[in-house]
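One structure below.
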Amino acid sequence: MRIGFIGLGSMGVGMSANLIKGGHEVTVWNRTASVAEPLKAQGAKVAASPAEAVQGAEVVHNMLANDAAVREVILGSVLPVLAEGTIHVNHATISVALAQELAETHKARGVGFVSAPVFGRPEVAAAGQLNLLASGAPADVARVQPLLELLAAKVWPMGDDPIRAVVVKIGGNFLIGAAIESMAEAAALTRAHGVDAKDFLEVMQNTLFPAPVYKIYGGMIAADRYEPAGFKLSLGFKDVGLARAAAETKRVPMPVASVLHDAMLESLNRGDGDLDWAGLARVAAARANLKG
Amino acid sequence: MRIGFIGLGSMGVGMSANLIKGGHEVTVWNRTASVAEPLKAQGAKVAASPAEAVQGAEVVHNMLANDAAVREVILGSVLPVLAEGTIHVNHATISVALAQELAETHKARGVGFVSAPVFGRPEVAAAGQLNLLASGAPADVARVQPLLELLAAKVWPMGDDPIRAVVVKIGGNFLIGAAIESMAEAAALTRAHGVDAKDFLEVMQNTLFPAPVYKIYGGMIAADRYEPAGFKLSLGFKDVGLARAAAETKRVPMPVASVLHDAMLESLNRGDGDLDWAGLARVAAARANLKG
Amino acid sequence: MRIGFIGLGSMGVGMSANLIKGGHEVTVWNRTASVAEPLKAQGAKVAASPAEAVQGAEVVHNMLANDAAVREVILGSVLPVLAEGTIHVNHATISVALAQELAETHKARGVGFVSAPVFGRPEVAAAGQLNLLASGAPADVARVQPLLELLAAKVWPMGDDPIRAVVVKIGGNFLIGAAIESMAEAAALTRAHGVDAKDFLEVMQNTLFPAPVYKIYGGMIAADRYEPAGFKLSLGFKDVGLARAAAETKRVPMPVASVLHDAMLESLNRGDGDLDWAGLARVAAARANLKG
Amino acid sequence: MRIGFIGLGSMGVGMSANLIKGGHEVTVWNRTASVAEPLKAQGAKVAASPAEAVQGAEVVHNMLANDAAVREVILGSVLPVLAEGTIHVNHATISVALAQELAETHKARGVGFVSAPVFGRPEVAAAGQLNLLASGAPADVARVQPLLELLAAKVWPMGDDPIRAVVVKIGGNFLIGAAIESMAEAAALTRAHGVDAKDFLEVMQNTLFPAPVYKIYGGMIAADRYEPAGFKLSLGFKDVGLARAAAETKRVPMPVASVLHDAMLESLNRGDGDLDWAGLARVAAARANLKG
């Protein structure tokens, strides 16, 4: 298929490469054009603008950074030029409110809209092993299903409404943040009683919590090393904000999200926004007067 | 070896049976004697009192319910009659403060003291597949190691100080409670946006969180069924209290533990203390005005 | 002076009347025109549109409900038609972000902008006894000072920057909400131990806290009566949201504001949004299993 | 009357002096005897032990520091030697649990027990202008009423049960702590937006909150000066602990108390335990990255 791919951050690069490897004709666009160079060698066309990238495309993917970027690029430049019948697949983690707005604006333009947020870090994206949530009109999802399978170890069907996949993604990121904060507090507790974070978290990772989230982030907390960042604290803060906004809309009290928010503000104030978001653990340690 | 085993609750029954199966001479005691009957058939002697149960024992295990029971039975009846050189293995989840006190009183009496709290629910205990944390004087731990291995899939050595295993156990139980509360809030969020708890949690259990805690408790939350209880909410409340007390002693702020505490009080007020502690999820749902 | 007054809610009615009594030529506008009738008898002209209300005015006041209304009416209809040199006095409780935006747009149009939020309930506004915070360019504030004094028992000068009065107003409303939640929790505590809220709060009001906030809201909590509402819970929720937004912008962790937010969501879920915001106390009572 | 007065801290000194001035025969005891010297000049007898201090007394007052001191001195040394019919007046801020225990032990010994905790700082105690809460058997309260009036601007009758005055005192101290934390957060918010704590709090103290608690503690926060301490943070921490314990017993969730607890732990970790408890404001400022 002819595919336009918008947004080549650390995730988008690997994802678009997998679409190319799958035999598709992919035109890419990124604000910083240099990032696209390696993809050219793999067979991508590189467009000079978002509108050019999606010209003639049957399916348009985006992996942009946040609501503002999606709003500017997709609503501003892409959607107005898409031909009726095109399908737009959004991989970015966006707000429930924007997902709702996109669903409506796409429908009005006769363009299909599939929500397809992903779980997985850059190396997982490059390996085509993401966990991908997909929701949207069944016919649209079915049509892009082969593309999604090129990106994912598993595609999780989440139903007809595009906001469904979005809210599951947001809920999942909240759970990651909550696990980080919980490990941080528990590790501060054991450290204060003379048990190293490493000794404690190793037991946890191998008994109650043998799961990627506890292994990856717990490993960083155990080593007190948060660089290089797989996912930056400043982005985690944004995602907790998406959970809080979605909660407020439907009046869902989330006191752990409130705790996370306040701790993350403190973390940003420490200057830790560019650390991996496991670096949030430094706040719990500092509050307990434990050395970093 | 000649073993005294004190406390035959849902965990102790299976644990003492595994010691018998291992070829040891086990005398058991339980406040409600009838519980001991099945063990008699397996070869246990049944004592009429704690003191009788530990007479002539080389090693004494206890799996009592809480600080009060350990204080009464062990400090009150058992320790005074133990011969010098006996080793006492405590499996109960007790406070750091009591562990410290036990370490001192045992030392003064020339009795060995091994902290050996466990992770695992009753069926895991019966199968001899617990995760067991062990700390204490190396010679004492070494001597009871074969016994511990009869109880556990793995024995995790936690060092010389008996309080070390205790604080790791307490930290672990806090992490379970925090995961329950976090899942409860996240599920309330997705439900409020039209995604069933089951649909959300199934993705979580199979992607980010393929761990027993998320599977077992997440499964209960997904089904909104909390009976029969594997671990009662009232006991979970007690254990979060142990974490909070241990945190206060060393001045460790634990805001997620505070959130848990307040939610659990509300849960007890709802009359949910005998539910499995995953039943805490009902509080988050009620606060969000979602039907149970 | 010739004054345009926009927004005749329960506060604006009394405030505009006091400007008329002060001898000024006041033209009023309100979305629901009938509200303006009594003011006509007192000498007001009633305009058919915001633009008409401010035509020829030297000073324009508004007491609109929230950001959305100010944005629509002031930015949409009023500011474009104001003559250079006019001064706009904003009494509405708005966000820091909107105050900043208003400051800039007014400056660009050559219109003066004075932030003048007020503390006080409708009967206090009618009596001209508000506490009024004023910030803005000194010359502008000086020019409207005689008008402000007609409205207020005291005008509190807050400096040159229009956002200063706004942030003080927002901080004050947060403090009121925090006092309500604190009284609610404390009263639940004493009630659970057999001391009526009334007995407890009466002591507080007459010893440690002989202040209007504790008297008015404490009185409502003591009587468990929240109607008629002096200030609705739904509006209080909005104002706590302004505090939280202003805090997030500058990365100020406010855990008490987080507690307030979560309790207020629960309160709205109970259907209590139209009660006076002291009705938030019902949440603390319900959580503690105390009857309303 | 013949009075024994136990405990001459900064409060007890002034209180016992007022009983002497009232014409009573007062024998005092304090652990550090030197403190009693000035009282000797005013007419007090100084006892060498608590038992000696209460010998022949009709009424015994104590103003000891905490549960541990009351338990040791009153239950350990005083109660066993009191003659039947004596009345014991407890001014110390103690736990609800200990108040309950004292009520029972006194009753069993035929000794009257009046709970009489006070609000007021040392200079207020010296001036005999405390607010004093009194609960106990009506006949006992009536008999000591003239003594209480020597100590207080007002005696607040709180009913028959001695725990009633205690729980009101504890609830009141929680409200003070909550007001401090709330002011601290609000001041951090305004400071982050360029408004000094002083400018903000001065408005609050003179408009919404013209109450001693906001004036005294708000004044300290405005000046960022917390010495000399009128009431130490470490003592405030103890009192918040009394509220939390009383809340737990009756299952009253108090999320603001949880926030206070966690902030106070952090404050103690900063080394601020000997500051006035308004010094808690430093935590909110530090979390927001504002200089002290």
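As written, the chain order gives the labels A, B, C and D, with residue 1 at the start of each chain.
Keep in mind that, in the parts below, a residue touches a chain if its C-beta (ideal position, glycine included) is under 8 Å from a C-beta of that chain, and two chains touch if they have at least 3 such contacts.
Here the structure is a predicted model, which means the values were calculated and not measured.
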Chain pair showing more contacts of the two, B-C and B-D: B-D
Maximum centroid distance from chain D, chain identifier (CA atoms): A
Self-contact between copies chain A and chain D, residue sets same or different by half: same
Where chain C and chain D are represented by their mean Cα positions, the distance between them in whole Å: 37
Inter-centroid spacing, chain C versus chain B (mean Cα positions, whole Å): 53
Interchain centroid distance [CA atoms averaged], chain B/chain D, Å: 40
Sites on chain B at which at least two other chains make contact: 247, 251-255, 259, 262-263, 265-266, 269, 287-289
Interfacial residue positions of chain A with respect to chain B in the complex: 96, 119, 131, 133, 154, 156, 158-159, 161, 163-164, 167-168, 170-172, 174-176, 178-179, 181-183, 185-190, 192-195, 199-200, 203-204, 206-214, 243, 246-247, 250-257, 259, 262-263, 284, 287-289
Contact set on chain B toward chain D in their complex: 247-248, 251-255, 258-259, 261-263, 265-266, 268-269
In the complex with chain B, residue positions of chain C that touch it: 255, 262, 265-266, 269-270, 287-289
